[in-house]
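Note that chain A is present in both complexes that follow, paired respectively with chain B and with chain C.
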Partner chain A sequence: MTPAVQVTDLRITTADGAVLVDGVTFAVGDGERLGIVGESGSGKSLTALAVQGLLPAGLTATGSVRVGDVEVVGAPERTLRGVRGRAVAPVFQEPMTALDPLMRAGDQIAEPLRRHRGLRGAALRDAVLEAVTDVALPEPDRVVRSYPWELSGGQRQRVAIAMALACRPRVLIADEPTTALDVTVQAQVLDLLDRAVADRGMGLLFISHDLPVVARTVDRVLVLEHGRTVEEGPVQDVVRSPAQPYTQRLVGSARALQDALDAGRKGA
Partner chain B sequence: MEPLLALDEVSYRYPGRNTGLALDDVSFAVQPGGHVGIVGESGAGKSTVLRLLLGLAAPHTGTVSFDGAPLDLRDRAGMRRFRTAVQPVFQDPYSSLDPRQRVDRIVGEPLRSLAVASGSEASDRIEAALRDVGLDGDAGRRYPHEFSGGQRQRIAIARAVVSGPRVLVADEPVSALDLTTRVAVLELFERLAAEHGMTIVLVSHDLAVVARLCASTVVLRGGRVVESGATRRVLAEPETAYTRALLDAVPRLPV
Partner chain C sequence: MSARRTAARPARRSVSLVVGAVFVGIVVVTAVVSLFWLPFSLYDTTGGRLTPPGAAHWLGTDTLGRDLAAQLLVGARIALATGLGAVLLGGVLGTAIGLVAAFARPWLDDTLSAVLDIVIAFPTLLVAMLLVAARGASLGTAIVAIGLVMSAVVARIVRILARRVLRQDYVTAARTSGTSWFGIVTQHVLPNAWPTLAVNLALQFGLAVLAEASLSYLGLGAPPPNASWGRMLQDAQQTAFEAPAGVVAPGLALVVLVIGANLLADGLRDVADPTRRGRGATRGRVSRLQTGPVAAATETEATDGRPA
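Let's turn to the complex of A and B:
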């Protein structure tokens, strides 16, 4: 079977010819969890946007992005609308920007269900409640009636995840989904993502600068630096024995912070 | 030894809100040279503590003291001495620097507003501060957008140290930065503090960042101190289930 997402030699350039992503290749199969790790400017978020055909105006993708049997690069908007939500669905860093502030949470979750699954009336209401219950939101009846600002950051991210899961995409694309959250809430949301993906046999493309978060979430990892893949492999191997200096720096910084936590302040 | 800064049985309630106390009976002291980390999650009261420590608000009950004397926000001369000695560093280097101003003007702002130095003395101090944080000599002639996030935070730190303060109060100063940049900026704080005899108060949701820099830690939750003491002890033998939960929630690299 073809992988859910197959990216081959992806190149993203600006109008004046600067190359932001250069020759990136990877695949995400059903049930596979792939991480893309890199620092600001590494091209990881642009890669995630290119997979959904969502590159900002002025940027051009070349190479190939196949989602199922649809070629996304160069596809017209009409084709892309069929891909987004149903084949690949996003969870972004800041749920407040992903959610419409003037719309109740339940109505926002209902929209993709109506559009992609054609649900109406009581069936739609049931599906919304089920989606909210699925992401372990307490008091689902209250949540569906709430506006985003009436919910906490963690609850908003759960609503955003419920929206993304609503249309049963083959691959969930999560770009720094927990960076804006408190550490205890982050742990809960990561557990939720683990479970959601495993229960549905869904693929996961997980993007973050935070190596420990990536390491606990995915099976394989791609390390990007300035738009190029510098290293890839099973995440355990890459973290335990990073081969490239850039990866070694990433691992070194993460370990330095972790050691501080484990040992308490050095010399104090 | 007289604490540099201290909160003593401080309570604070935001006016017009019936949500209860933002801070409830909070006490801790910052000793010279003893960097303090204030840790907590959303709603813990970190921002309120920060406002009190910076003299931007006065407590409802209890006292905030500086050098052993209660801080009086109406004492203009006293507050000017306080602001020269206690400088803030904010979280987001992308929004805390005025994009329309040259870096030398941004860094020199405390010198002007606190009337610490002017003319060539000011220029010398600005240049020294920029060098101190590891930026090039020509950085002052450029604008914030020409710098990366880590470099911008260095500019913000240069502005904080230019007046020769004794305390830096830093609000999540590395949370918006990549991990490698985070470690580099923490090392910069440590070096500057040692070289200039400054004491750092670091407010953060991130225990690892506090662990890297601070000798003592105050854990806040819901406006109350749930635990405080030597960072090493708090991390190794947390006294409360909440601190333990915070520690356990930090994702770890596989060994």
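Let's turn to the complex of A and C:
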């Protein structure tokens, strides 16, 4: 069976020729969890957008991005509309901008359900409530009627995840889904993502600059620097024995934080 | 604390809403009354030249012996018609152009922006004079002239607002869920642009009323015997010191309508934008993370207190 997402030699260039992503190759199969790590500007978010055929105007992708049996690079909007949501669905970094401030949470979750699963009326209402319950939101009835600003950051992100899960995609694309959240809420949202992916046998493309978060969430990891893959492999191997200087720096700074925490504990 | 803030804010806001509604309401009622009843006919010149205000002629008469109160009533009708007509034309046309520019490729966007800047730089009066020269002076011509210039201002605002919305993740999310561009415009772009646009349209309404008064003052508005506040000012100008009511009455009427429109705009913005209604609730929500049920109760209160 073809992998849910197969990216081969992806290059993303601007109109004036600058190369932002250079020859990135990876695959995410059903039930597989792949992390992409790198600092700001390393091209990780652009890669995620390219997978959905959502590159901003002015950027061009070459190479190949196959989602299921569909080639996304160069595909017309009509083809992409079938791919997005059904095959791949995104969870964004900033839960405030990921939800329309003037639309009730329930209506936003209902939108993909209506479009992709053709649900209407009572069936639609039930599916929305089910989606809200699935992401462990308390008081689903109240959440459905709430505007985004009436929800906390963690709750908003849960609503965004419910929207992404609603279409039952093969691969969930999470671009820094926990960066804007408190650390305690972060752990809850990560647990939720773990469970959602495992229960449904979905693939997960998890993008983050935060190596410890990636290490706890994914199986394999891809390290990007300036648009190039510098290291790739099972996440334990990469964290335990990073081969490349850039990866060593990433691991080193994560360990330094860990050490600081240990030292603080000893001091107290 | 957040409950008090939530309670205090709408109370303060509703002052401008209420005063604005009352001011505009006075003019609307006046206009409606003028449709059914006038103290004197506009053709009635039996009042005598510059009769001072009194029991028969409340505001006196003009140099031709016509009743000023009757003209003021009819003027309300003209002012409202111009304001509404121009806002409707400018709003619809401007929104359409603004949306096209927001979605357009850079060259078309640049071209449109340049054209809009030129139109905005053109004085409304000049556009009106050109149209009057071509079509003759009438209320319709005045409305079209004001509406056309207004559409350029509206288009520029809509373009910026739409661009801002289109950058948001929820638009990307909508696209990934397969929503068409048309769906994105009707579900996300227009609702999010509306609070800002509505306030601006209300301000433009006030400007349109003033523009009509200027056009009429110059003789480019609705021709006699239709009474416009602008033409009343022009008529009374020579005799302003003999019969001040002829200048003060239409001037005050203009002030009431324009201020009313602005206050109404301010008040309406808070009704149109749920994120403004709930400023206090948002703060309560933040503290909820730390303080639990107490702040949560406050927030529920704030939520329930909101108009649906």
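Note that in this section the second predicted complex is superposed on the first by the 264 of 268 C-alpha atoms of A that agree within 3 Å, B and C clash if a C-alpha of one lies under 4 Å from a C-alpha of the other, contacts with A are read in each partner's own complex, and residues count from 1 in each chain.
Quick note on the criterion: a contact is a pair of C-beta atoms (placed from the backbone, for glycine too) under 8 Å apart; a residue touches a chain by one contact, two chains touch by 3 or more.
This structure is a prediction, so every number in the text was calculated from the model and none was measured.
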Contacts of A:99 with chain B and chain C, given as first, second, both or neither: second
Chain B versus chain C as contact partner of A:152, first or second or both or neither: both
First, second, both or neither for A:116, with chain B first and chain C second: second
First (chain B), second (chain C), both or neither touched by A:216: first
A:15 touches, of chain B and chain C: first, second, both or neither? neither
First (chain B), second (chain C), both or neither touched by A:182: both
Touched partner set for A:54, first chain B, second chain C, both or neither: second
Touching both chain C and chain B, counted on chain A across the two superposed complexes: 152, 182
Residues of chain A defined as touching chain B within the complex: 39-41, 152-153, 182-187, 190, 209-213, 215-216, 236, 239-240, 249-258, 260-265, 268
Residues of chain A touching chain C in the complex: 52, 54, 57, 81-82, 84-86, 88-90, 92-94, 97-103, 108, 111-112, 115-116, 146-147, 149-152, 160, 163-164, 166-167, 182
Contact set on chain C toward chain A in their complex: 105, 168-170, 172-180, 187-188, 191-192, 273-275, 278, 281-282, 285-286, 288-289, 299, 303
Chain B residues within the chain A interface of the complex: 41-42, 148-149, 178-183, 205-209, 211-215, 230-236, 245-255
